[in-house]
Structures are given as structure tokens and as C-alpha cells.
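These are the structures in question, set out in turn.
Heads up, the next two complexes both have chain A, just with different partners, chain B and then chain C.
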Partner chain A sequence: MKRTISGLSAAAMLLLGTSLGAQADTIKVGVVAPFSGPFALYGKQFQEAIQVYQAEHGTTAGEHEIEFIYKDSGGPNPDQARSLTQELLIKDRVDYLAGYVFTPNAMAVAPLLDQSETPLVIFNAATSAINAQSDYYLRTSYTLWQVSMPMAEWAYDQGIRSVVTAVSDYGPGIDAENAFVAAFQEAGGEIKDSIRMPMSTTDFTPFIQSIRDQAPDALFTFLPGGPPTFGFTKTYNENGLRDEGIMFLGTAETEESNLQAFGDAAIGLTTAYHYSADHDSDLNRAFIAKNTEMHPDSVTNWATIGAYDGTHLIYEMVEAAGTDGPAAIEAAKGLEWESPRGPLVMDPETRTVVQNVYIREVERDEESGLLVNREKGVIATVGDLGWGK
Partner chain B sequence: MTRLMRIPFAVEALLIALLVIAFFAFPYNLAFVTRILIMVLFVLSIDLVLGFAGIATLGQAALYGTGAYAAGLFAVHVTAAPLPGLLIGMVAGAALAFLSGLVLLRTKGLTLIMLTIAVAQICQEVANKARDVTGGADGLRGIRMEPVLGLFEFDFIGITAYWYVAIVVFIVFLALKRLAAAPLGLSLRGIHESPERMLAIGAPVYRRQVLAYTLGGGIAGIAGALAAQVTQLVSLEVYSFTLSAEALIMLILGGTGRLWGAIVGVVLFMTVHHVAASADPYNWLFFIGFMVLGVVFFLPGGMIRLPQALLRLGRQR
Partner chain C sequence: MSLFLNILIDGVAYGMILFMISVGLSVTMGLMRVINLAHGGFAMVGGVVAHVLMSEAGIGYVPAALLGIVATVALAWPLERLIYRRIYGFGDLQQVLATIGLTFLMIATVNRLQGSSLLALPLPTVLAQSVDLGFRTLPLHRVIVIGVGAVVIVGLWLLIERTRFGIKLRAAVDNRATAGAIGINTGLIYTATFCLGAGLAALGGILGAEMLPIEAYYPLRYMVLFLVVVAVGGMGSIGRSFLAALGLGLIETASRYLVPEFGTIFYFACIILFLALRPKGLWGRLA
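Entry: the complex of A and B
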């Protein structure tokens, strides 16, 4: 039994090996992302970004034709993500992997990457610990530490001395809280209270009231997108925290796909983040124009840019190394390029992009009449500050 | 089907044949076929609880998830040998089923359904809060399994994982088949039909139900443990309501109260899901919806009744 099995797996491996050599003219990239269910927007945006990149740069890199294969992972579901990835590697024989919205989905494929020596470009999942699981992870999104720590340092520089943190009680929320608290205390500020709000909270009044009673200079929050964010900011305004001078500090809360739905309640909210669709550069304007032209209903936001830069990285790796996974990773390390979000460097150690973090304030744009994240300050070239924590 | 049952070992032979055929027919989809088998095991556990003993549950994921976390933590902290991990998963699932069953089974109907959901939700919240132990929303990682029995290494293609899971599912299926024919199985069916009558003839209904629920918990625990060992990661989703509900849909699709119903339902649901989702990643849920509607309307007994329904249709002509 054992001999037949090992013989079979050897044959399958051989098949895999020869196919890699024979198919050098077309290189396949497997994209694992949610295309159905409540998180389907991510998959749609990833696909749109890839299409925009292909429209601009063609479908060949070096001497290789590049083809993308999409697989629907649904929501956070590591079993599904792993078996889809296995199928992409074994059946579709992809040489690169990309996408991955949720941390557990990305984590579950680490052993597969090591065994098959396949580079994986994370378009979204934002937990620092992922990249430590395998040398084949690369990330073109951001990590929560990367944006939360600069927020804390900037706040202290602005004269804010006391903060209450209020985050949703789940992985990313706790990450954001830890990062902010560490950086703010390091700078010399005081954390008056750290509140963790249950995920399913709809009425934020008790939390907001408690923050108001403690009268800090600012509150720092992290909430999952959609209804919780609306509820929290609405309660923030209604309870007069803004009038009392308690500043709102956040990260992804005002991202573009939610922003217009806030209405005037959002004006003045301050966030630290790596991408604003309002970023003032020709490259960004051209990128958004192209995306809007190809997909009129689409809103360009951080998910779009993460996938766009990720696609660029894959093109660069294919051109430098073809189907050779370890060589592709080496080629990616230290790679520098100008993205619509600003200058990027692929950090050789953490394999997460080093990028600018922008301090933005929500304003109503005079020309378009739409709400925008206007950049007020830049904290240049921030790496993954959560590495090894 | 009934005629087939009379031939000795026909069912066993058929199952083995199916497992061998699946292995050679889908050499590139072994990971997916393995997931189907794990799901079959999980749905069998619901079949025992709901289809046989008539205990309405929408929280079977509590037992599956507990088995998964127990096996995962055991592999990380104690030993990475798969079989002891499987045992731990089973014991953990059965223990939770026994303890919660003592309370749950004093209720029935909607109250019972609500309480089973509540148990799964509580488990999920505990796993979320105990971040240092379970990894919270990031998932429990660091599970690296040793070879099965020290001989068969878990390989990249998933050959070992497939046979490992297939053999476990086969053994559990046979055990359940024996159980269904044994006095315990018959008395469970009786309880399903009419608890009052069973009480009247002196059967200890409550104790039998707790026993069935505990057995179901053990099987769900094995399924969870297998998932943890094969995926090498456990996430909070093992406790999700969606998992319990989807498994129940699969069971209804196949036919409740029949062991083959669980197999047919899972294979059908997951295959349609897989094919439709790769053909059209955006709209595949429509296909699933129509399929479920169709079965519920035209085959209330589940897909397992399809041959009989067709025969009846043929005779009417």
C-alpha cells in the first residue's frame, strides 16, 4: 500500500514538474477571493483592478503570457481556501497565487506554498503574522500596525495627550488597539480607557457616553466596514463629542466605498491610511479615470489599489524569473516602483510593502460635491511595524 | 436498494468501490473529495441526532468545532500523531454533547432549536475571547501533523489525507449501520415517531436521547478533528451557524433518517456548489437555491427517494 501510494505521488509530482517546464509560454495566476456572499465586493474589485492593469500593460510580461484564474472562497473559510488553492496548484498548475481577503484563509495555505515553492501575493489580509508563516508570502496591502502606530504618533505631535480607544472585539480590532496603545504610550501620552465592543453591537450610546464622561482629547476606533461604522460615527455626532472637542481618530472607517453614505456626519473625521482616492498625483488620476471608464459603477478604494499593485508585482516577478518561485521571491525583494498611492518598496525582510501613510480629513469636495479623504499630512515610508510582535 | 441490503457485505463492497473509483476518477481534486468525505461524516452525525432520534438541532457545529479545536490544540501542545488527536476530538465532541445534552434535551421543539444555536454561539464567543489559546479570528495555527501510524506522510497532492479520511468515514458508517439495526437504533426510531408511546412502554426516552446526542457529538467531533488535521488550521468559522444550517440542508436534500441520504445529499450539494461556483463565481447561489427548492417540492423525502418516485411515475403511465 505504502509503495503504491508513494509511487503514485511521485508520478503526480513528476507530472507537475514537467508541466511547469512545458507551459513556459503561458503562466497562470490563481486568484482566491470572495466572489459571492456578503464579501463579494472584494472579489469584484480585485478582478477590476487586474483588468485595468491588463488594459494598461497588456497580457504579457517578458516573454510570458499571463492568465488569471478566479476561485470563489466565500467568507472566512480556511478549509475551502486551502482545498481551492490545492486544486489551483495541482489541477490548474498555477505558478503564482494572489488575492486572499481574510487572515485565516491566507494562513491555511502556508504549508502548500513551502511545498510547491509558489509565491503568493496578498491583496488584502492585514495581520502581520501571516508573512512569518512562509517565505513565499508577499503583501501589497498594509498591516494594521503600519497605519495605527503613525496615527498615534501624529496625534501626540498635534498636542493630544489623552485618548480612549474603542475597538470592535475581534482580531483586527485588537491588533489596531495594541498598535495604537503601544505607540501612544511610547510617545508619552495617556490611554484613559480601552473599550472592546462586541461585534454585533448596534447601539453604541453606552460606549460613546462612557468616552464622553472620561473627557479625553481624542478617541481612537477600529470597526468593521458598513453598519457598525455608520452607527458609531452617528452616535459620536449625536452625543456632542465633536462639540466638546473629543477628536475622532481612525484608520479604514472612512474608506471610499462607505464614504458617501455617511453624509455630512463624516466631515472632519481624521484617519491614517495608506490610500485615498483623492491622492494628488497624475498617476492616481489616470488610474481612477481608467477604472471608471472600464467599470462605471465601481468605486476605487484600498482593495482596488492593493490588487493593482499586486498585479504589478506579479508581472515584475514573471519577467524576472518566469516560473521559478524562489527566484521570483528574490526578484521581488527590494523592488521599488511608483504606484497611484505613492512610492512603494517591497521590504526584503517582512515582504510587506513599505509605503507612505497619509493623515486625512473628510471634506466635501467643492467641484464634485462628494465627500473625499483629503490628505493633510504624510508620514513617509512606513514598513510593517507589527513584524515580530 | 432493499434487495441489495440482503446480500451480505453488499453495502460495504459498494462503499469501498465508490471510494476507490473517486480516488482514481479525481486525481487532481483529492482535496475537494476529502472535504466532501469530512462533510459526509458531519452530516451523518446530524442524521443520527435528527433523522434517527428526532432531536431538532441547528447547533451541531458546536460539537464539530469543539472536536476541531481539541484536536488542533492537542496536535500543537501534546503530540502531532493523527490517531490520538482523532480520539481527543471525538471525546471532546461527545463530552460537550453529553453536558449540554443533559440540559438541552429537557426541552423540545423551538426552545430546543434555539438552545442548540445558543450553545454554538457561546462556544464561538469563548473561542474568540480566548485569543491566547485559540488564535481568535486569525485562527489556530502551527498544526503540523506527523505521518499516520508513523508510516504515511501527509503529502502535497492529498493522497494520504484522502485515504486517512476515507477509512475513518467508512468505519463510522459501518458502526452507524450496525447501530441502526440494533435495539438502540430501533428504540431511537420509536422515540422519533412517538416519545409518548415509547414512554408508555417503559423506554427511558430522556436517557436514550442524551445517549444519541452524545454519540452524535462524538461523530461530529471526529469530523471536526479530521478537518483540523487536514487543513492544519482551525478558525472561528467551525462554530458558525452557516455550517450547521448548510449541513442540515444537505441532509434534507439527501433524505433524513437514512444513512445513504447523508452521503447522497452531501455529494450532490457540494458537487453542484463546486461546479457552479467555478463556472460562475458570482451567481452560483441561484443554482443551489433552485436545486433545494426542486427537491423540497417534488421529493419531500430527499434525493434518496428518487428511484422510487421514478418507478411510481413509470407505473402510472
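Entry: the complex of A and C
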């Protein structure tokens, strides 16, 4: 049992001479995410989402006060993530962990979770294999299989019969390629070529030209956000693949924080993903309105929603089980709730949320003049399709 | 045949972009012999100013780009007077440390003011077209980069080889004390040349932004790209930097077409081999 009572409130209680039992205890949640460097946007968005949730639901869950402690992990750095997590567990005595943007960072702390029986809610890292490493992982983001397989099946249903895949040559890219190829071939489609592009690529023209020469019905891609996605989509347009009728299929490429920078080149790009800031529901509009009110410069995207739902999950676990880690995990399994992205269920087996995957197309919103991911179709209640693969 | 043509066209276009983004460094590091790791920082400053002017003030692409270059030069001038002037005499390692520190300052400032997401420099619709070459298309933007690159190389060659300024510059770089003794105002020559380098960096940053988008971490992300061009070209010549950029563009493009999986390894293996054989760069003489 790791019950923590802050020294300050204990001292206050002594002074007032009140009984200890009347005071609610404080449960601490350690958030490990990048708050500096090229990926600092993630940390900022996680923090903003937590603040929005707290503004809406207060800082208590059940009889417990909840306090968040933030640690800066920098970029993909498993050693750093591990030592920060250790520090949070030992020095700050946290009862829950959250955040974790990169797969290696999340993977590195598995033994710590088992030893300390601490639940960890992943806000982002999207490799299926993470949750198999420890029973204490829960995930409120998505997995690459979860969005790539529906993309392939949808593409086949639309009459697309041949595809060239072109992914960045690193873990998530290869995951996305495997998932797409498996589902597309299963449906009966033909994969003409699978290109793996080096991470350091700045000029995508050679890859785009070879795709064009093979004349598939569509190309499927996965790239890290920011400059590579920018370069790839620009090159796709400039070299006339759109005019040749080669459809662009992707997943996270058109996420909201960089979308406006793509300009008109992004219009018509088709992606399968679990969250669009343009999602048509009152809950989503209220969520974005609150976030924009509290953080005027903030762009709401999948990182915001992952952290927001993760915070909800932590509140539910604290209310049900307090500081008892194993009981908290049991309480989380099968939990259902309505999120701004749509209905969610915490899958008892994979511990990743079962959610809707939306087929979206980039359009320019007539009212705001901004580029948005407009939902064109929905594939309901998709679980982690990569579990055990 | 069409594969060969593709490699040739894309290789030259990419090489020209490499040249444009690193020509400022060829001036400061190649001609002035300062290891200026902040080169990418100046390119970014130009891009950021142009971005802000376009998105906040609604100014068009060309005037915004010109003002971005002017603003970068306006920043480079006091920086040269206050900081770089003291760096010239340092050893290599001290120059590296001083200029990388400057780079971090620039990154942090842009990150603070503009955040870390991409800062778009949207092309006007006239420029955002593709040119039909019959068997394929080429973005008009790249054609323009090739044109501007050609103008810059000719302009720099004339400036350095055919003007009094160029003569004084070469004299000042070769032997500053003697140049000063015969009445050349070496301080002014250095300031002007440094500002020229910074202005070219900004021009390259803005023109290259279609491929290497402007964002807060731009100076670090592409540092290797700039340095390789100057290292392969060798110190002291703009023309060799130009040839190096074209060669590197062709090698990288060819490897991406022919062996995509090993593209990066092949590219850097070529560079390592080249530098092992010719540590002073193209036509470099061993000291």
C-alpha cells in the first residue's frame, strides 16, 4: 500500500487538531512526456488535455485528491524514460503513470510496473507489442494495426485492386506496412511493391516517381509527422500522381497540428484514423471549445484526445480502487465511456481501447477557411488488430 | 532510358536545392573559414520572418521573401560586430562551440515565439504548378530554384573573381595582417561578406522550404546536409561547392531510384570514401 499524505496537510491537521480520517488523501500521477526539444508539442498537449479535464471534473475522484507530476523525457530515449519513471515511483511515490509518446520509452519501464504494481496509461505510443510486456499497461491512443487494417479493407471495398506501400523505414512504419499488406492481400488485392524509405530522406521524388511508373490504383504510406510528411505529400501532388488517379491512403499524416502548413496540396488526401478534430458531435465541439478557451494557441489533435481520455480512465480507476494497482486494472477492464471521439470500451484482453475508426478526407472548411479532416465513413468498434501478431 | 533521364533531372534539381541551402555556408565557412554551425539558423530566421509576414500581415510571397532576407542581414550585421568578430581568431573547436550555442539560442527563440510545428511559406498559385516534360512532370518551383541557383553562382563568381571587392576579400582571407597593412579595411570586408553569407542562407532557406520546411529545429535537422556539401567541395571555392552539391544530388537520387532500401548507407559510404581519398575536398591540395 503506498498511501501518501502530503506533509503540508498533515501539519495543518495537527495544528487544527482534527482527526486524520476526515481528510481526503492525495493520489499522485506521474506524467512522462517530452516537454523540451523537437517533440515538446506532445508534452504541451498532454498537459493541456489534463487541465481541460480537471477544469471540467474537478481535482477529486471519489474521496481522493488527484495531483499530476510532469517529467520531461525528451525524445525517444528509453534509459531516460526508465530513470524518470523510477524517480517518480521511489521519490515522488506516484500511484499511477501516464503519458509515454515513444514505443521504446514505454517498453523500457515494463519491469518497473510489474515490481511496483503501478498502472500506466499510454497516451500515445502505438505499437501493439507494448501491452504484452506487462499487465499494467493500458492504452487510450490507438495502435497502427487498428487503423491500417481498416484502411486496407475500406480501400478494397472502394474498388482499389492494386497498391504500392511506401513507409518510413522504422518500427511504426514497418508495423503499418505489415498491417496494410496483410489486410489488403486477405481481401484479395495486389501489393505491387513495398518501399521502405530511409528516415533521413529529404527529397521524396525518386520514390514518388517509381510509384508513378508502377501505376497502382493507390499508394499507402506511413511517415513520422512534420517535415517528412510535408515533403512526401508535396511531392505526391507536384509529380502529378493525383492527376494520374493514384489515390493517397494514410493514417496519421494529416493530423491537425501541421495540417494548415500543407496548404491546398493536402486537399483530397484520404486517411483512416481514430480522431479528427472535425468529428461531428456535441461532446467534441464542447471539448474543443473548452480547450480553445483555456489555451487559445492550442491545436486539438489525437495527442490531446489520447491524454484527455487517459485522464478520464485514471479518474475512474482512482475512484474504484484508490491506490490498489491490481484492483485498478481490474476496474479499468471493460470500462465503457463516451469520448469526444466517439464511444470507447477498454478491451479486457489487449488493454487498448476499442473504438471507431473513421475514413476521412482533407477538405477546406467553408466557414473557417481552414483545412479539416472531414469524416466520410466509419468502421465501428475496432479493437487492437495487431494483438499477438 | 526514362530511368536514366529521371535520375538526371531529379538529381540536378535536388543538387540545385542542396546548393541553394548551403551556398551561404560556402561563403562563411568556405571563403571566410569560420566554422559557422549557425548557418541553418540564419536560413530559418529568413524563413520565419517571411512566414510571419505572409500569414500575419498578408504580404505576397516575393516581397515577404525579400523582406525575410533583409531582416536576416539586419540580424547578421550586429551579430558579426558583437560575436563573430571575436570568433574568427579562435581554434576550430571553440568556433564549433560558439556557433552551436548561437544555433541553440535561435532555435529556442523561434520555438518560444512560433512553436515547434511547421511554418508554411505557401507558394502563389502561379508558382505552384508543374511543367510537363512529356514523359513526366517537374514542379515549376524546382525549375525556378535551378534558375536562381544559376544566377547566384554566376553572380558570386563575378563578385569574387572580377570585382575589387573580391580581390580585397581574397587578400583579407589569405593574410589579414598584410591586407590591413596595405590599406584594405578588412573589418568592413569581413562584415559585408558575413552579411552576404547570411542573406544567401535566408534565400536558400526560403527557396528550399518546399522540400525542407521551416520549423524551429530546422538548423539542427539539416546541419549534416549543409556541412557535407562544403566538406566535399572543399574550403575556399564557391564553384567547387556547386559541383559538390550537384554530384551529391545525383548520387543520392540515383541510390534512391536504384537501391531505395540502402539509399542512406550508399550515400554516406560514397562521402566517406571520397573524403578518405581527398580530405581537402575536390581538387584540394594537401597542405
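As a convention for this text, the second predicted complex is superposed on the first by the 365 of 389 C-alpha atoms of A that agree within 3 Å, B and C clash if a C-alpha of one lies under 4 Å from a C-alpha of the other, contacts with A are read in each partner's own complex, and residues count from 1 in each chain.
In the analysis below, contacts are C-beta pairs under 8 Å (C-beta built on N, C-alpha and C of every residue); 3 or more make two chains touch, one makes a residue touch a chain.
This is a predicted model, so every value here is computed, not measured.
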Simultaneous placement of chain C and chain B on chain A, clash or fit: fit
Chain B versus chain C as contact partner of A:Gly325, first or second or both or neither: neither
Which superposed partner A:Gly386 touches (first chain B, second chain C, both, neither): neither
Which superposed partner A:Gly310 touches (first chain B, second chain C, both, neither): neither
Touching partner for A:Ile90 - first (chain B), second (chain C), both, neither: first
Touching partner for A:Leu41 - first (chain B), second (chain C), both, neither: second
Touched partner set for A:Pro76, first chain B, second chain C, both or neither: first
Touched partner set for A:Asp169, first chain B, second chain C, both or neither: both
Shortest span in Å between Cα atoms of chain B and of chain C, once chain A is used as the common reference: 6
Set intersection of chain A contacts, chain C complex versus chain B complex: 37, 40, 169
Complex contact set, residues of chain A against chain C: 37-41, 169, 195-203, 205-207, 209-210, 212-213, 226-227, 230-231, 234, 238-240, 257-258, 260-264, 297, 299
Touching residues on chain B, where the partner in the complex is chain A: 27-32, 34-35, 128-129, 131, 136-139, 141, 144, 151-152, 155-160, 163, 227, 230-237, 277-278, 281-285
Touch list for chain C against partner chain A, complex: 2, 6-7, 10, 13-14, 17, 111, 115-120, 122, 128, 130, 136-137, 139, 141, 210-213, 215-217, 221-222, 225, 252-253, 256-257, 260-261, 263-264
Chain A to chain B touching residues, read off their complex: 2, 5, 8-9, 12-13, 35-37, 40, 43-44, 70-72, 75-80, 82-83, 86-87, 89-91, 103-104, 107-108, 110-112, 115-116, 127, 129, 133, 169-172, 174
